[in-house]
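Read from first to last, the chains carry the letters A, B, C, D and E; within each, the first residue is number 1.
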């Protein structure tokens, strides 16, 4: 676990990249990539910042991250389905809309 | 008994939802009843427990924290449970007309609905930071699924935006949880308090969690997702979203602020939270004033009303706590009533554009009545629950000589009046053309009755406050107890 | 020393891949990069001493997510064949500062947390201590099932919710189109399947069983099993159906129902809810969960709420 | 049994009208007969109940209903002499107005809504009259705002909606100031019931400035409804409402509620001595005096009959405020008794304006030429009201004016007499030309918009105006009688100035 | 009882007018006799007091109101008879006004307290309006308008005065006034009341309404207006503004000055008029000036106040009856011969204080009091000159009367009776009250010489061919006032308030909100906001 600091830094960069992607991407799938990257960064961080027990990583954060990964995949799956439907309905896979906020009937 | 009852309160709707996936559609009506109707009776048991003995802990799987997960039933969570059960039940009455079990969409709607219900029950009970994360995700996904359930483009778009921001918010929260665990090694909300020092790391972690929750509860300026989502969702979903879903996040912030970080000196940060609340009130109201659609107006009204819940932070006193809790209750009922009424109107007219609602009061008197009645509470005019909440807020502000908050709370009712009366005025306006009477598409009277019941509830709350206020006073956070 | 170099390489490729994912020109390549990145991340988990996570990441984070993204992409393409959307939306000047700020914040916090040399977590210690009384060797499985069972239960519920929500937003009329390989009925495919399907089932059962002592468990096993199911879908051995089948429904909720019922049944014995009666319950629940996870993931992949078996082949 | 009676009767008085309103809503638009019966029944019942309560009060009891809203905060409905005065006025005029309104709105749409809110409005007014503390008063005060709004916008025209908006803008803002003042006051004193002579004197030393600010807040809050300049703007605009509503607005409910509130504020919360001690009486007096003159001048400038009447109300209601602001027993009697007198006289005028408008299509004053020949009885009633407004004996207005003037002189404020006199002249100059037109000018060949209505309808319309006119004459002529409003007011005031 | 009846009978008759035909006919039939009832209280001298109506009502007969009651009873009744014969009985407004005025007059005459007096006064003022508008032509409307404005100006002053009094002494009875002398003397109320009643009296310059109203009113109405109604103002003075021991003398002198000025100015303006009734109206103004002089003496000779009351009563009686007779003459033809001319001449001579007429009686009585004042000589001379002036004016009237044609020439017995009453009643009154001095020669001379002077002047004027022309318009100052009023700025301009539909704030807000929302909905905005809030929270939590 002496490499924890290194991976923490990596997580920081990944998080930043994710945020950047989330902002600049118009396509929803790219936004989902970005969110997943951010999530991964946070997962790494969670495991890395917990104090190790007898040199081994704490099992609790690992269990939490495992749960987190499943939740992430669930959310992504739903988001993808939503994106597909949105694309079917509007011909766009972005959040841009023509009508202004909430003004579509 | 209490443990069992609480477990059932969470698991019965969840299992019923699962059952809906398995069992054929003909069972749906029965399942809905099984999943919802016993809940108020089940809830009586924990209520008696709390009234008699105060807070109650359920150690799940027999492993106490820090090892396991604990549910804490204290007066505040009991109040939230009642609110959730009560409002969900009444809104379900309406939903049973908008999504009748015999129709195709019902199979998609009801399981998500029950999961949402169950997850909110689990959320308000949970005393574990990570468990809260999981339940929050459950709440969010169920809610978004419900928003998109009808597949209207606007709703889909709103759902997508909500989903992205909610995921982002969850990540912020999760980051905070990770850091807190890294520093303290525990996840129990109340246990953390003993281990948590206000160091810069923990402070930031707290800030991260709070901001994540602020996004989920759509506090200005993080409300971006709310108006479109609430304004385009199906009626009952809008109702429950505005009445409960955004509130539970605020509830968690309260828990973090007043319990977990109860010993810290949070005064200046509390002011910031209060300012956000104030801005929410002003901005939400102004935005509601300029909307062209009824449901969007109500949605922005929610943005505004959520601001009141933030005033608890700077005011932080017994009175303020009672005020905020009471606002939670009365706004929940009133806003649900408004959305249900709006849904009936939308269904009957085919549009909720204000320009098409002239003279609607002659056609749908019950719904307009419900809307108006709920409006009274939203405006904080007496006699209503909203008024009582406002009164308590004012008293709290005066008690601490916080004149700024006092004036804000007092005057904010005017803003609400501005947008609500704009709606009512349009409805009373005589139409230039006679409205086409479309009896076929009219919502059944019982659907309106649900709205009226909720609205009347919000009004009656103005008279029968003592039980709720006493309950809240019995469950003050440790720092606020007199 | 070698470890550090390995770490640096992993980290560098992670970052490079991440940048590629978010700013690459082609969406399809983005998906590929994303999958590769997931695999790289699995290595990173391994380097961090978390083999359970490594496996989960590889199977779920990279495999399942990637497959889901692919199929979604495929559907987009199906609607608009030349689907190659513009890379970015807003060229905002604020994007970079925000990203740097956010990354900086996370870095600052992470570094602060790691460099403060945190004490071992109380919960972690408690887990290791409590586990000595149990027949379970893998502390992570212990946490997931014995101590924080509610999290896991609700996690299954999240998956179910995502599935229900996804079904809710999927158009009925789109259910019948197939996501298959171009030529699913060549003999080679049949032969391949005849080998791969039993193998993956074996692997997943092993993973499940290993989970009690070694890295592995219901999630990883479920993901592997799901891969098998995906293969069946791709090769058109099973396909989407709009007709709900009770058995499939039961499969979907099996994990949730069995965990819940067993958890609730504890109260009949006078124990607190979610207390498991013994190892058999752990195995039973894990099996049910594995089935549910696998089935749910396959259905999500197929974009349907039910499957039917194709007779040909 | 007696205790039960004393506890519940005040609530029942409020509930009767509220229930009527709700039943009317539920019954819906088509059940016209049921609605009429219900309306009349409730109105009669209400008068009987007020009589009952009056007898109880005369027998020395104090009927009081009390429940707790929030622990420590009570909703109190209590019948004391002052509340009974206002309640009687409301009950009697409601009965008259109900008859009038039924006939007036015959065949117009949305009657269920109208009568529903009409009843609720009266319920709120009853609540105001019986309110036993400032909080209760505030609750019903706001309720009144709410229930009146649908009546103001009833016609549903764009003008009506705009007027409704103005109405709300003013009244709700006033409500906010009221609320702030109320909270502040309760913070200093805790919840207090209305007590003759006020309860705040003991706090004078510690909280002088606060008490002054609170007084201003509360007075402005009530002044909005009482239409004191410059808070009066909503009143003339609210004229677009149907005539019965205007009658109710001006004579019984809204405007009166504000004035009544000021009476309560000065006499029962602060106490006249403290008000004078805080130096708040003079500003109030000046505001009232200015409003009296301003309203009269504005009325003079109007060509629209109802607008002229509206500005006349602005002016007249300030007489009440003037009375209590002047201080001293005589003027206070004048102010309180004007509460009744103005109500009776103004309701006649609006009834008649409504009759002219509804049956002949008359909107402007110049269209009134020769109405006296066409509708002698209604015109006679109008004349009684107008003469009363001018303050000509023997109509009731004279009595109020007498007490106000004499009272002002008695406390050394002779200049008030100048205000009263000027107002009299102005009143005469905007009412007498109208009377001249009605009676002495020749009628036109054709009325602006004459409609044929049934005999019974006309009888109901004119009959209610005549009842009001007789009442206005009666309370003036019999002012010295022990049961007259004047004697009543005198009895009330003796409690304030022992 | 009697007093109540005197008030209520005319009132009841008036209220019967809207009633069905039969009742109305009865009412009209009784109208000419409605004044007779006033004799009842005079005879039984009863007083009555009630607490329940209005602010309490006290009625009674005393030395002050006795002569006026007598005057009213006679003059009104005779005029009513005249009216009944000459005016269409279907003119309901006229008859209502007539009865209303009578009722008001009775009430104020009999009233024993402040409020009751005011009530009667108000009723009288308003009802009189109906008498003036009778003709329904432009002149009538104008005159009535001026009357009403002036009446209300007067009314306002009176109301102000009464309220000021009431504040100090309550609704006091007149009988108790001496007890409040100190209060009264220092109260500004007196000035208001003086001025207010002066309007009704027609004291210059408050006379504006009088010369306009009399000509347009029908003959009997003019008769009561001039003969009786103006005396209401006199009673007001006597009741409310009695001379008090505390009063400084200058008040008396000022009033005296005003009285003399009115007496002469009235004549001068009257001489320029061309209409008989206008001339008579100015004569009334002038005569009221004389009455004011008598009233002023109550301030100057305080010790003789009670006797002066008798003189004033005599003057009122004398002027009232004679002036009424003159006005009635205008409604009868003077061309029917000698009788007619005699009937016109008799009251005219009486007014000019021809020896042994009632005017002579009154002037002599007045003179005797004037002599006791410091400037007695001058005053007496001036008083004598007023006779000259009056004589000239009536000569002018006589001349005009010769040229006037009445519309319905008939010799009304009521006219003749009025003339007779004017001759005998003042004498009778003077005898009863002991105001008749033994005839003395110098008095006779001093009474005759002004008339001779007048005759000389008239002859001289006739010789010079000078003829009065209507150079001063009727109502003199009114014309100026009206012009002034017309040019008043738009303060009271009537207008309809119209609301312009303003676009208001809403569209702007809408645009701003839409713009904001558009930018704020992006993930980026929420991200940025989150970061900022995290930063702020962190900062604030740390601090």
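FYI, a residue touches a chain if its C-beta (ideal position, glycine included) is under 8 Å from a C-beta of that chain, and two chains touch if they have at least 3 such contacts.
Keep in mind that what you see is a predicted model, and the values were worked out from it rather than measured.
K.L.:
Which contact partners do subunit B and subunit E have in common?
P.N.:
Neighbours common to subunit B and subunit E are A, C, D.
K.L.:
Among the other chains, which touch subunit B and subunit D together?
P.N.:
Common neighbours, subunit B/subunit D: E.
K.L.:
For subunit A and subunit E, what is the smallest step count along a path of chains that touch one another?
P.N.:
1
K.L.:
State which chain is most central when centres are taken as means of Cα atoms.
P.N.:
Smallest centre-to-centre distance to the global C-alpha mean: chain D.
K.L.:
Looking at contacts between chains, which pair has the highest count of C-beta pairs?
P.N.:
Answer by contact count: the chains A-C.
K.L.:
Could you tell me which chain lies farthest from subunit B when each chain's centre is the average position of its Cα atoms?
P.N.:
E
K.L.:
Taking CA centroids for every chain, report which one is farthest away from subunit C.
P.N.:
E
K.L.:
Distance from the CA centroid of subunit C to that of subunit D, rounded to the nearest Å?
P.N.:
Roughly 73 Å separates the two chain centres.
K.L.:
Cα centroid separation between subunit B and subunit C, in whole Å?
P.N.:
For subunit B versus subunit C, the centre distance works out to 31 Å.
K.L.:
Between subunit C and subunit E, what is the gap in Å from one C-alpha centre to the other?
P.N.:
Measuring from centre to centre gives 108 Å for this pair.
K.L.:
Could you state the distance in Å from the CA-based centre of subunit A to that of subunit B?
P.N.:
Those two chain centres are 26 Å apart.
K.L.:
Going by the contact rule already set, what residues in subunit B reach two or more other chains?
P.N.:
Residues 130, 134, 137, 141, 144-145, 148, 151, 156, 159, 161, 164, 168, 175, 179, 181-182, 185, 187, 200, 204, 227-228.
K.L.:
Which subunit E residues reach two or more other chains?
P.N.:
Only 514, 517, 521-524, 527, 534 qualify.
K.L.:
Would you give the residues of subunit D that are in contact with at least 2 other chains, written as numbers and ranges?
P.N.:
Nothing qualifies.
K.L.:
What is the complete set of touching chain pairs?
P.N.:
Touching chain pairs, listed by label, are A-B, A-C, A-E, B-C, B-D, B-E, C-E, D-E.
K.L.:
Would you mind writing out the residues of subunit E in touch with subunit B in their complex?
P.N.:
The touching residues are 506, 509-510, 513-514, 517, 520-523, 525-527, 529-530, 533-534, 536-538, 540-543.
K.L.:
Can you name the residues of subunit C that touch subunit A in the complex?
P.N.:
3-4, 7-8, 11, 14-15, 18-19, 21-23, 27, 30-31, 34, 37, 41, 44-45, 47-50, 52-53, 56-57, 60-61, 64-65, 68-69, 71-73, 75-76, 79-80, 85-92, 94-96, 98-100, 102-104, 106-111, 113-115, 117-121, 123-125, 127-128, 139-140, 142-144, 148, 151-152, 155, 158-159, 161-163, 165-167, 169-171, 174, 217, 219, 293, 297, 300, 303
K.L.:
List the residues on subunit B that touch subunit E in their complex, please.
P.N.:
Result: residues 161, 164-165, 168, 172, 198, 200, 203-204, 206-208, 210-211, 214-215, 221-222, 224-225, 227-228, 264, 266, 268-269, 271-272, 276, 286-287, 289-290 of subunit B touch subunit E.
K.L.:
Within their complex, state which residues of subunit C touch subunit E.
P.N.:
90, 92, 94-95, 98, 101-102, 105
K.L.:
Can you check the complex and tell me which residues of subunit E touch subunit C?
P.N.:
Residues in contact with subunit C: 522, 524, 527-528, 531, 534.
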